Amino acid sequence: MSAADPQTPAPDIVRCAYVELVVTDLGASRAFYVDLLGLHITREEPGALYLRTLEEFIHHNLVLRLGPVPALAVAAFRVRTPADVDAAQAYYTALGCRTERRREGFVAGIGDSVRVEDPLGFPYEFFYEAAHVQRLTRRYDLASAGELVRLDHVNLVTAEVARGRDYLEGLGFRVSEDIRDSAGTTYAVWMHRTQTVHDIALTGGAGPRLHHIAFATHEKHNILHICDKMGALRISARIERGPGRHGVSNAFYLYILDPDGHRVEIYTQDYYTGDPDNPVVSWDVHDNQRRDWWGNPVVPSWYTEASPVLDLAGQPRPLHILAGASEQSIAVGADGFSYTRDDSGRGFKLGEQL
Amino acid sequence: MSAADPQTPAPDIVRCAYVELVVTDLGASRAFYVDLLGLHITREEPGALYLRTLEEFIHHNLVLRLGPVPALAVAAFRVRTPADVDAAQAYYTALGCRTERRREGFVAGIGDSVRVEDPLGFPYEFFYEAAHVQRLTRRYDLASAGELVRLDHVNLVTAEVARGRDYLEGLGFRVSEDIRDSAGTTYAVWMHRTQTVHDIALTGGAGPRLHHIAFATHEKHNILHICDKMGALRISARIERGPGRHGVSNAFYLYILDPDGHRVEIYTQDYYTGDPDNPVVSWDVHDNQRRDWWGNPVVPSWYTEASPVLDLAGQPRPLHILAGASEQSIAVGADGFSYTRDDSGRGFKLGEQL
Amino acid sequence: MSAADPQTPAPDIVRCAYVELVVTDLGASRAFYVDLLGLHITREEPGALYLRTLEEFIHHNLVLRLGPVPALAVAAFRVRTPADVDAAQAYYTALGCRTERRREGFVAGIGDSVRVEDPLGFPYEFFYEAAHVQRLTRRYDLASAGELVRLDHVNLVTAEVARGRDYLEGLGFRVSEDIRDSAGTTYAVWMHRTQTVHDIALTGGAGPRLHHIAFATHEKHNILHICDKMGALRISARIERGPGRHGVSNAFYLYILDPDGHRVEIYTQDYYTGDPDNPVVSWDVHDNQRRDWWGNPVVPSWYTEASPVLDLAGQPRPLHILAGASEQSIAVGADGFSYTRDDSGRGFKLGEQL
Amino acid sequence: MSAADPQTPAPDIVRCAYVELVVTDLGASRAFYVDLLGLHITREEPGALYLRTLEEFIHHNLVLRLGPVPALAVAAFRVRTPADVDAAQAYYTALGCRTERRREGFVAGIGDSVRVEDPLGFPYEFFYEAAHVQRLTRRYDLASAGELVRLDHVNLVTAEVARGRDYLEGLGFRVSEDIRDSAGTTYAVWMHRTQTVHDIALTGGAGPRLHHIAFATHEKHNILHICDKMGALRISARIERGPGRHGVSNAFYLYILDPDGHRVEIYTQDYYTGDPDNPVVSWDVHDNQRRDWWGNPVVPSWYTEASPVLDLAGQPRPLHILAGASEQSIAVGADGFSYTRDDSGRGFKLGEQL
């Protein structure tokens, strides 16, 4: 894609700060996000629930809004200054994207904001103003055995990974890791503003769709406890994949499904990426340890299922089908679970880091 | 002491199964044992609370009974068969000890039992019959971040450690570790029936008194969470000692104080002692790592404070003062915190293990 | 099967103490058990390697012996007294089993022993005399991030689970858990002498074969580290199943394959079973959480692959095929990975525990 | 102090990247940093050892240089661009500080650098160019049970905390937490460039001196292992304070002493501070949980002992004595260990966070 007008500087994005999901049964969602996962309630109102992680100090990390179709309503990014909201609006306007500005904010607890339909079809929000709430960091009396401490990232499915990478680099995101093949196809890419592996990942597939949102825990045993608890509640069928160690990002992970099928990752211990020359790690799509360092297979649903995303009018976006080869078809054999390990004996090498 | 009549065989003791403590404010005790430590309530009745750990399947591990003076009412041991209750009664009768038998049990959930005043002045109960309750092992939905999974042991203060060791060996307990000096004085001894380091420890001092009861967790982070939670509740002054790694037992530990000053240890990961020739580990009283493997000092209160124990009539037992040197006076210097590390360079050696 | 002559008392078995495996490449086995898993070398001799876990005090837990065919040479049980070796010999002789007695022991570090071919065709050894070696419990300077601290159990494949259960009960083992169906078939059974869930498990299938040997770690992160390390060594294909939480036993587990295909389980945190009335947990074979509490599928190889066992002449035993239904065919659908979750909504209930 | 010339912009500092320590016995230092702590050797040369943490990708995090007096030679900060080295030189020149520029770098692996004597008397280096080395993040085969993954921060003792805070704010550091009293005295302050609680902390006392350097681990058990290992090596006397939970920073911590008495902190799990309005947490100097959330006492040596720092000529800097009250005298009673808990019942409140 063409870059934004060089006269229009990108906003200074701080982090992925909250996500608004449409859910079809608030009671069921509350059981999942509050009773099971232990997110803390900041605000309840008819038709919506505002939740935050233990270490958050702004109003919320997750808004659950009742609606007819499960979907991602918005991924909201905090910017560095109030003026960066203006910059975001100008930037997307220059890109030819639809934008909507609300000085009073779109949701409770958040002030002046702009929402946009980005070039890939995703709904983003940019805001600076946010109500501060009690940061529960030291409230160990409220912390459960599987406590979630931060919202870490969103992972988005797009048919245009390479284009999306260029666009997000223009917006100031930097690549930490990617999955490629020797022919030059990029299957997925991890990009960050914070000093972690990613705030946004792009996964190739029919899109735009939301692949997952991810929350961080302090330690690995916190994630294991969530599995144990789901077993005790006899909802183990909602454990989709993991727990395991990612190759990409090196994080310990788990994927679970909320009552509407929204995928939630629980994630811990990726690494510092804050240096300007942080080495990019490129993985060979044929490397069986790229998605799971232990070589455990990726279940097919993880490749194929994702949540719709809404446009600014609240309508689900139509899907664009991936034109080239999919990672799943490349990396997984006909039986759905075979490995494509290179048995030539030379093994796989992590991407150039020097 | 003279051994029991050889014609009177010792009962076959399985484990230390529950403890009955007298507390002066049941509400305060409930806040400590239930709200803070997460013990599970089996039964409430006027003046008493029955609690159990996550993995217990008999009725309770702890009875809290309202009374005028904080004290140990009884340490109760499970025996292998109903006939072992008879054996226990006969055994202590032969020892000349006061006993009391109740076919209907002394507390809810426990059947035919005998309570005794043992030769050291401690109140013991022996029982086989116990109501079974739901074992919560897999109820991870009920498990807190600092979950207690088993009652591990009791630690008793006596002025007669050597005599007590002989008496408990006669009762079938085996020594796993002890603290001695080169002159032959034994300062403390750890003795077991289960395949752990101890079910009973004897600590030298003015006695009979209860030094502490101990609950086990699965992992070390569970214990750290209890500390964090006590900090959050601003009751850190009730953290008396630790967390740390014991030299003796090799367990990771924490000592906290309940609202009446009863000391509770949280304990994890000692080792298997079930072989008939399990090596006894003897520690030099001058070895600064015997009580804390990291060399952290033992606070004086840990040596001096303990709970009264009751006789079978419910009266606090008078104390016998330790005749010989105390471990504290031997091991701790005048300022209350000095080390008595041997600086000759030869270091300390673990006791004979071969 | 008919029980042993009631005039012939069973030996008092303490625990499963060591295993002797035949391997085809000692260097490769050493890389696996010493370099990867961190077992400690007690003795090396031409054609054999003697290894022990961190907390062991007898000579070894594992003998690796060079031979032409990978196999289990013996599973060795420690007995309580020297006379129990005589008792074991008499017991198996009364059962009509082949036995061989060696006063000097069959392997280094072990004295007077008897080896037997048991009624199910497995080679067992019974011994009391064992050389003591340094117990490395407190040698944290030698402990790796995935340290193995004890040999926990052996799991044996037999075509005769029900018969085997009766026979082992006669030998003094007690059942802690099993997997059954409503028609009364027992698919697998866990039996113990120590106060853990098992020292021996029997798994239904073509046998006699060795399903796996299991070592214990202190905490769950130790097991995760072994996975991470296998990923780093690019031998993730040797991670066969897990890590995960067992339904049966409640332990956290991992199955990996040694260079000869011998399956090794890494295992932690089952529960205390030492009470005489410890509740037996029976699992419905259709309960999808019985083998993995999180519902993750069991890979087919885990059901089908196992190691040969040798007779006392060192020859592999011929296999008996399972007559009835296999757990795999009952519990796994046609595609090899489907769940057989009961979707009637009533869920599955843990077996009677009261 | 007067701020820098507003015409002279501050360099864009990325992080505290490495520290150069003078040690008196390289063999002893190597035993401590490599054998005990597991740092990885990048380079050895006569008189110097270059070490890095597991997740570092630049040449080193620690240079140990043989010299006559144990001291901090330099704390080196990475800047965002090569031009920021010029900016740093100009900035300190404008402040009237001595600077020294070396295009080829002062140490191996680092290119164009400037070293300065900062207004508080500390030796800082600023550099951009650094050789990249293998990032060992996924080399779990090299990771020990107490693995250090990042250099986290330096803590500096100064007699001028308030002045230092202003100066470092001018340099672009932001305050995350501090310790104050109601009269307005600041006893210590934590300041960051990365999105953590601090890259530099200032502690009030006779200075300039180095209080400690800090390395991060992934999890708390890694820190506990280091304690266990020091116990096994019988160097527990080098465990100065902890392990514990900090009030300030919320991190889990341990302080140990290297063979020259340089203090090293092992640290994990502080929190995200990257938002522009990250709430500052101010602690009351009388709050007994500020330094240890569990209320464990701070040993006097932790307040009084620190390492000399060198000037650019390699000479130890003379000390300035703290003019006002010391935190130790305010917070600690006459016996050196008493608490100064406020017993009025109102408790302590964390500082304003909103």
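A, B, C and D label the chains in the order they appear, each numbered from 1.
Basically, a residue touches a chain if its C-beta (ideal position, glycine included) is under 8 Å from a C-beta of that chain, and two chains touch if they have at least 3 such contacts.
For clarity, every value in this text was computed on a predicted model and none was experimentally measured.
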- Item | Chain pair, A-B or A-C, that carries the greater number of C-beta contacts | A-C
- Task: Could you label the subunit B-subunit C interface same or different, taking same to mean over half of its residue numbers are used by both chains?
- Result: same
- Please flag the chain sitting at the greatest distance from subunit D, going by CA centroids. C
- Task: Take the average of all CA coordinates in subunit A, do the same for subunit C, and state the distance between these two points in whole angstrom.
- Result: 43
- Message: Counting only Cα atoms for the centres, state how far subunit B is from subunit C in Å.
- Response: 34
- Can you check how far apart subunit A and subunit B are, centre to centre, with Cα atoms defining each centre and the answer in Å? 50
- Item | Residue list for subunit A, restricted to those that touch at least two other chains | 138, 219-221, 228, 231, 247, 293
- Touching residues on subunit D, where the partner in the complex is subunit C: 138-145, 147, 219, 221, 225, 228-229, 231-233
- Item | subunit C residues within the subunit B interface of the complex | 14-15, 55, 57-58, 78, 80-81, 128, 132-135, 137-138, 149-150, 194-195, 218-220, 247, 250, 269, 271-272, 274-279, 293, 350, 353-354
- What part of subunit B is in contact with subunit D in the complex they form? 219-221, 224, 227-228, 230-231, 234, 236-237, 239, 243, 245, 247, 252, 288-289, 293-296, 336-337, 339, 341, 347-348
